[in-house]
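Same chain, two partners: chain A is paired with chain B first, then with chain C.
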Partner chain A sequence: MSERVFVTGLGAVTGLGLDVAALWQGLCQGRSAIRRWQPEGVSDFPVRYAAPVDWNAFQCAYRSAFWWQTPMERRSRFGLAAAEQAVNDAGLTLLAGDERRLGVAIGSGAPERDPSDLLLALGSDGPDWQRLYRRFAELNPNSGLVNGNDQLATLIARRFDLAGPVLHFSTPCAGAAHAIGHGFRMIRRGEVDAMVVGGADSVLNLPTMIGLLLLGAPSIAEKYGDTLCRPFDRDRSGLVAAEGGAVLVLESERSALERGARVYAEIVGFGSAMDAYCITAPHPEGRGAALAMQRALRDAQLTPDDIDHINAHGTSTPLNDPAETLAIRQVFGDCAGRIAISSNKSMLGHLIAAAGAPECIATVLAVRDGRVPPTLNLSQPDETCDLDYVPGSSARAMPVRAALCNSFGFGGLNACIAVQRHA
Partner chain B sequence: MTECLWLNGIRLAAPSVFCAQGEDWQRVRGALDTPVAPAPAPWPTCDFPAMNQAWAAPDPALASLGVDRELARTMEKQARMMLTAACASLAQLDPDDPAESDEVGLYLGLPTVDEAVPTWAALQGWHADGGRAPWGEWLMRETPPFSGLSMLNSSAAAHIAATAGISGPLAVYSPQADAGLNALIDGVLAVAEGECAHALIGAVSPKLDPLLPLQYGPAIAPSLAVPPGEVATALLASRTASSPIRLAGYARALVASAGRGTEAVAELIAQALSMAGRAATDIGWVLHNQPWQEGQATALRQALARLNDVSPLPTLNVERHFGRCGPASGLLAAGLAHEALSRGELWHEGEHGLVRQVLHGNAALLIALAPLGQCVVVVLGREVL
Partner chain C sequence: MLDAVALTGIGVVAPTGLGLDALWQRWLSGRDALSPFAQPQLRSRRIARYGQVPNEARVAAREAVPYKLRRFGTEPAFWAVHAVGEAIGDAAMDWDGVPEERRGLFSGQGDYTSPNFGSLQRAVSQAKGRDGALDLVLLAQEALNRRGADPSMSIKGLANNALALASLTWRCRGVGVAFVQNEAAGIAALRQALFELQQGRCDVAVVLATGSYAEALTLAELLRRGLLGEQAVAALQSFDEAASGAVLGEGAVALLLERRQDAVARGARIHGLVHAPGSYAGVRSQIELGLGEHEDQGYQGAFNEAVGAAEQPPWYGPATAVLADGRGVPALDAHEAQSLARVFDTEVAISCPRPVTGVIPAAGALLDLALASRVLADGLLPAVPGLIRPIEPQLGWARGEAALRRFEQAWCLQQGFSGFYSAVALTRAA
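Moving on to the complex of A and B:
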């Protein structure tokens, strides 16, 4: 059995706004969500920019939701809101089918930890585990210490009474892409009729940002202010962290046709690969990235000639961007120069484990609308990044028959999704 | 019944294990004959009695795998255990069938990394300093340089890939008991669907950490509490392995409603058996993890009773004997079932402890229940080659 897999619903909460329209308009208009940012608890944190969700606006929009009072991590709130949008967008007739054939796959990263939880252990004699054990009821109920990282996936399933498979993926920056890819595969092989897939993450907390900072991942550049996220530019200096959630409804052709669902695009392939190189750096020639793209093309039965656009991982780090460029050259050969490549992270920042979800949505809409978002802040070409990255600040109108969406996780855990125009 | 033919020909081989009870299957079998009692837990006494004991595995030495000490120090114990078990399985790849590195995929079930944030030493230091420095500044100063690596559970996958030099497809599932069996299912499917020639499938428990009582204690019904245990296990799925054991069927779902839990679990068992083309009478052994809530326990008990209401099937609650071990529980069950189907003997929960007996039937049923309701059922079968 091999079912075609359609995208029939979209939802997103990002720094560009609280829905998919804000995301897509923002990307196409070259609007940046990156702004001055400082974590709570420190006065002079070296990382000074991030792409946060507008928390006040988010609270106003969702504090009346019945789930608002449920303890959960910040990222789960973004993910649950995005899932509500996506399911509503797909049409509630989606839920009229056999609930055992509707599942969820979500990618998210390391738990959000509240360091003040540990202060509960302190007494006049210093920290004491037994004191902390006795005070477990006082732990922050919204922290990752007491909420498993599969919580969001199960919350989404319970919210919509979905009783099919519920999976959680944990492959850092490729987590959401893996969730989307495996959801796609489950529908294609006939295991389920539809999957709610995507990711949510928020690393904009002090412990996680310290961890990223110590690894040298985020940019601490001062020179460019809020334009410091410069994928493929000569002066790129590191990622800019972000937060948010994005969710897609994937559905079998049969299910979509039966209920007359609107189809955005078709997911046609998925590929993944490991760099097998180094825990802290991508393979310098993009070996795993190239393998993931090749596998996605093979899975989709597409050739390099068929691809018009690549939504790049494009982190704005010194190592990723040239490696990804080499990988694209290796896979696409002579075709590489004519492919429109863009990095949404130049505007959205890096949503870490969730990154693949809004970027897959942007890929789906690029295919549907024939518009490729720009790579913002690319003003000084780098000789090691010599492809067409759609520089500028507005989307390029062009036919997009098929596209790839790249997500490369820390430690060389790579994924790629192939999207094709629905005909 | 319609047997799922496309799973035919994918063999499960080279199971490995690394746990408190032993570092090979012979020792683990011995520990089922003569159970190893849990030791006092490596943390102060807490109010959750079962959490005051634990089965601690030794800390694996990685030098023989070519991992230098400096790199090993950036790994959490659970990552070191996972790497050890993964390499042990991979070492058993048929030398006459050398695999291209990009033909070996990796499918893991991993728990999150539980570690005090800030470290306990940093907290002690802050207290000794009289709490003068602002808390956030202290946290910044005292966070270990590689915490971003070690706190990321998927680092284990990256370490395995780099150490073993494998660049096939991958997936990492997290964080509970369902994760190990999801890794098994999707690893086998990756071979069946032509993504890779071999899938290295592994799962590991959370390392023993003083934070575990805070996470497990309140979440588990007191009557269902068992001490935690450290377990890592792995195996290979391959078309070319000579093993007669294969994944014959599976089913997975969220059992969200306690009210219809029995029906839901029974349906999953029926689906998995149907996919496997097997009847309940083919099942020689049932292995499952420890349920989390009373409702789950009831649903499991009743669903298994429906499977055979004349004489109960031989059953092993894996976590009762190896400890609560998260993602590792399902794959440990798979490893034990592999041993049983290969050797023709099993261990059954008798009135006075475990009883070794002859395996009747050519299949084993594995069930994993996660605290939030995910349930995965797998049928492993033995066939004549």
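Moving on to the complex of A and C:
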């Protein structure tokens, strides 16, 4: 017998603010976190906009936390803060159970690299590993170079004394969605009672942004200023990078009922699929994306008729948005036109490996509150993007019985989570 | 309760070269496959020996990757692609007859920072000012405008690099997921594959794991934690009183899994039945070497989960072989041996292949599982190479000649450097 899985805790640190309320209000009010940005010390970097976390505010809020002095990457700080919020939100009685039945699943991306660390790697004629190895202690202790890629998952497990599965997913932009989806399945299978799931990422450092720019991923458009993130719009020109962390507490029905936990919504399905098409581009017809959505629906035992809302991957890149539109059409057929689709990235930016986490939170709250956030900056719909993307700048009030949340990553990895209103 | 799944294909790229047989024969011989630590850009007096994938195997692995994809990949990803191909061949299945959407792929991969550094090498060199500091403006200009960086640096730096290359090379469009968490990654991938197969979400599950420790920062970190001994370690002496530290290595493994009834129906040779792994997070500190809060329950917790998850619980008896982790780190080996003494009685034969290859990130536990298939098939449990004075001598350590016995099951154990315990059983197919 499979367990039902409830969402009982939420936490978020994003460009829209330092908690879930700020995230949800910001999304519903069409507020954008995207602003002028430059990498430290490089004023003429081609990428001029991003959606950073307000670091000063974050420092003020968390510098008294006992873990603040622990060397860790920026993304881990966001993730740990979000995890604390989520566990507190779920209620500390969550932690009173058997620690072996509580686990962690986190998605995050490439390590954060400090440019000065790169310098340490070089001798007079190229990389000098021996020199770097000798000077290890001089590296920035907060850098991803000296912290394991799975540091956040481990930190969360240690912070809350969790001895169940500790998993770290690395499936680029689908990382957090995979973490949420597989955490959901572990509870449903009865392996654990609860999972702390989500993701954190920060690509707003020079080396990582150089890498993304060389791939042609971020927008360098001048015309639209801070409204350059335009999912499904004719003038979409690339993603706008962001940072942050978001975490959900998923819990079995039995555990949630036993401790009288508040339930936001129910996770009912998860699907994943690979494109096997191109390492840097989605399949043009969205084949992998469609498969992931179909599998999530099947897993949830839902039909296309049951879905009222899709929280789209919607990156504002020339390739993703039409491919995702085609995938939705393929899966939903005649129903596609009545589904309210929105891209949170138009306001939040793209949190890369963590993107699926705040977007899943938004999906959960859309189902709970009956409000679907808008897709900002969609002023000239692309003819290849012909669905209802909730244009405008305010949330649409509507009943949302069930919803899907899409995340698609580099390397052709696709994931989809199905969320249903808690009855 | 879960059915065990059939292991029908195995692919290996290891310090012994390509293929499982080379690794098995080397373990039987009791000789290690370690070589002097000689990486092109990294030398160390503290690290004397290393389990390095030989050059001819590197070349063959690279050739296994379609030419157009090579610029996107790292060497460990190439090894993984080769291992997957070998596993498919070993399974003797009509790969083209398996719908692409039904081919699941699950990967565990180590961390890599080398490609990140290397890809920016020229740009960083050019951007170094006279005062020795890095001019960030110049760095960006060099990297972006003068192609002083590898355009694929982001892709190479991703820890799903092996999964992406393997999915493209072998046309896997089914369920897929990538884990990166050092030695625990392979087990996490295996666990996921078993569930996806059993839930019917794929018809074939390929589990791959790959990793290399030939990376400056990881080595520095392990040295700092005292895991590699106070002085250069000449040999990995698992569970021996004389052990002084771990010897590291690299490699990849791929396991092809099918539902038991499917494998039987197509008349496949079944290497063994893989049961759901049990795991337990001791969550050892990454900074200091020391046991975490729950570690006294580590292996027992993993066993309890593994046995509890199995439909027909595999447990132990005289026909049980144990492939222990044995990293050669005195504190870790002592803890493991004490745990083994609590879990098993003296009749159980215990060995460890780790001295042959060194400790391999991500892939180590799955390599053990591959070797366990030979233990069952050949009725031989090779000795722990170099074990002269075992700690916890009352345990049934395999020493001297290989133990000749019809083994019905083999347990593969791992605690890792980080305290992620796992126990996975392979049993003989009926």
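Here is the rule we use: the second predicted complex is superposed on the first by the 411 of 423 C-alpha atoms of A that agree within 3 Å, B and C clash if a C-alpha of one lies under 4 Å from a C-alpha of the other, contacts with A are read in each partner's own complex, and residues count from 1 in each chain.
Note that in this section contacts are C-beta pairs under 8 Å (C-beta built on N, C-alpha and C of every residue); 3 or more make two chains touch, one makes a residue touch a chain.
Model, not experiment: these values are computed from the prediction.
Let's test your reading of the overlay: on chain A, do chain B and chain C clash or fit side by side?
Pair status: clash.
Would you tell me the residues on chain A in contact with chain B in one complex that are also in contact with chain C in the other?
39-43, 45, 100, 103, 109-111, 113, 115-116, 118-119, 121-122, 126-130, 132-133, 136, 139, 144-146, 148-151, 154, 157-158, 161-172, 178, 182, 185, 189, 206-208, 210-212, 214-215, 217, 272-280, 287-288, 291, 295, 409-413
Can you list the chain A residues touching chain C in their complex?
39-46, 99-100, 103, 109-111, 113, 115-116, 118-119, 121-122, 125-130, 132-133, 136, 139, 144-151, 153-154, 157-158, 161-172, 178, 182, 185, 189, 191, 206-208, 210-215, 217, 272-280, 287-288, 291, 295, 409-413
Contact residues on chain C for chain A in the complex?
For this pair, the touching residues of chain C are 39, 41-44, 69, 72, 100-101, 105, 109, 111, 113, 116-121, 123-125, 128, 133-134, 136-137, 139-140, 143-144, 149-155, 157-161, 163-165, 167-168, 171-182, 184-185, 188, 192, 195, 201, 216-217, 219-221, 224, 279-283, 285-286, 292-294, 297, 301, 305, 309, 418, 420.
For chain A, which residues are in contact with chain B within the complex?
It is residues 39-43, 45, 100, 103-104, 109-111, 113, 115-116, 118-119, 121-122, 126-130, 132-134, 136, 139, 144-146, 148-151, 154, 157-158, 161-172, 178, 182, 185, 189, 206-208, 210-212, 214-215, 217, 271-280, 287-288, 291, 295, 299, 409-413 of chain A that touch chain B.
If you look only at chain B, which of its residues touch chain A in the complex?
Those in contact with chain A are residues 43-47, 71, 74, 101-102, 106, 110, 112-113, 116-118, 120, 123-124, 127-128, 134-137, 139-140, 143-149, 151-155, 157-159, 161-162, 164-176, 178-179, 182, 186, 189, 193, 195, 210-211, 213-215, 217-218, 252-256, 264, 267, 370-374.
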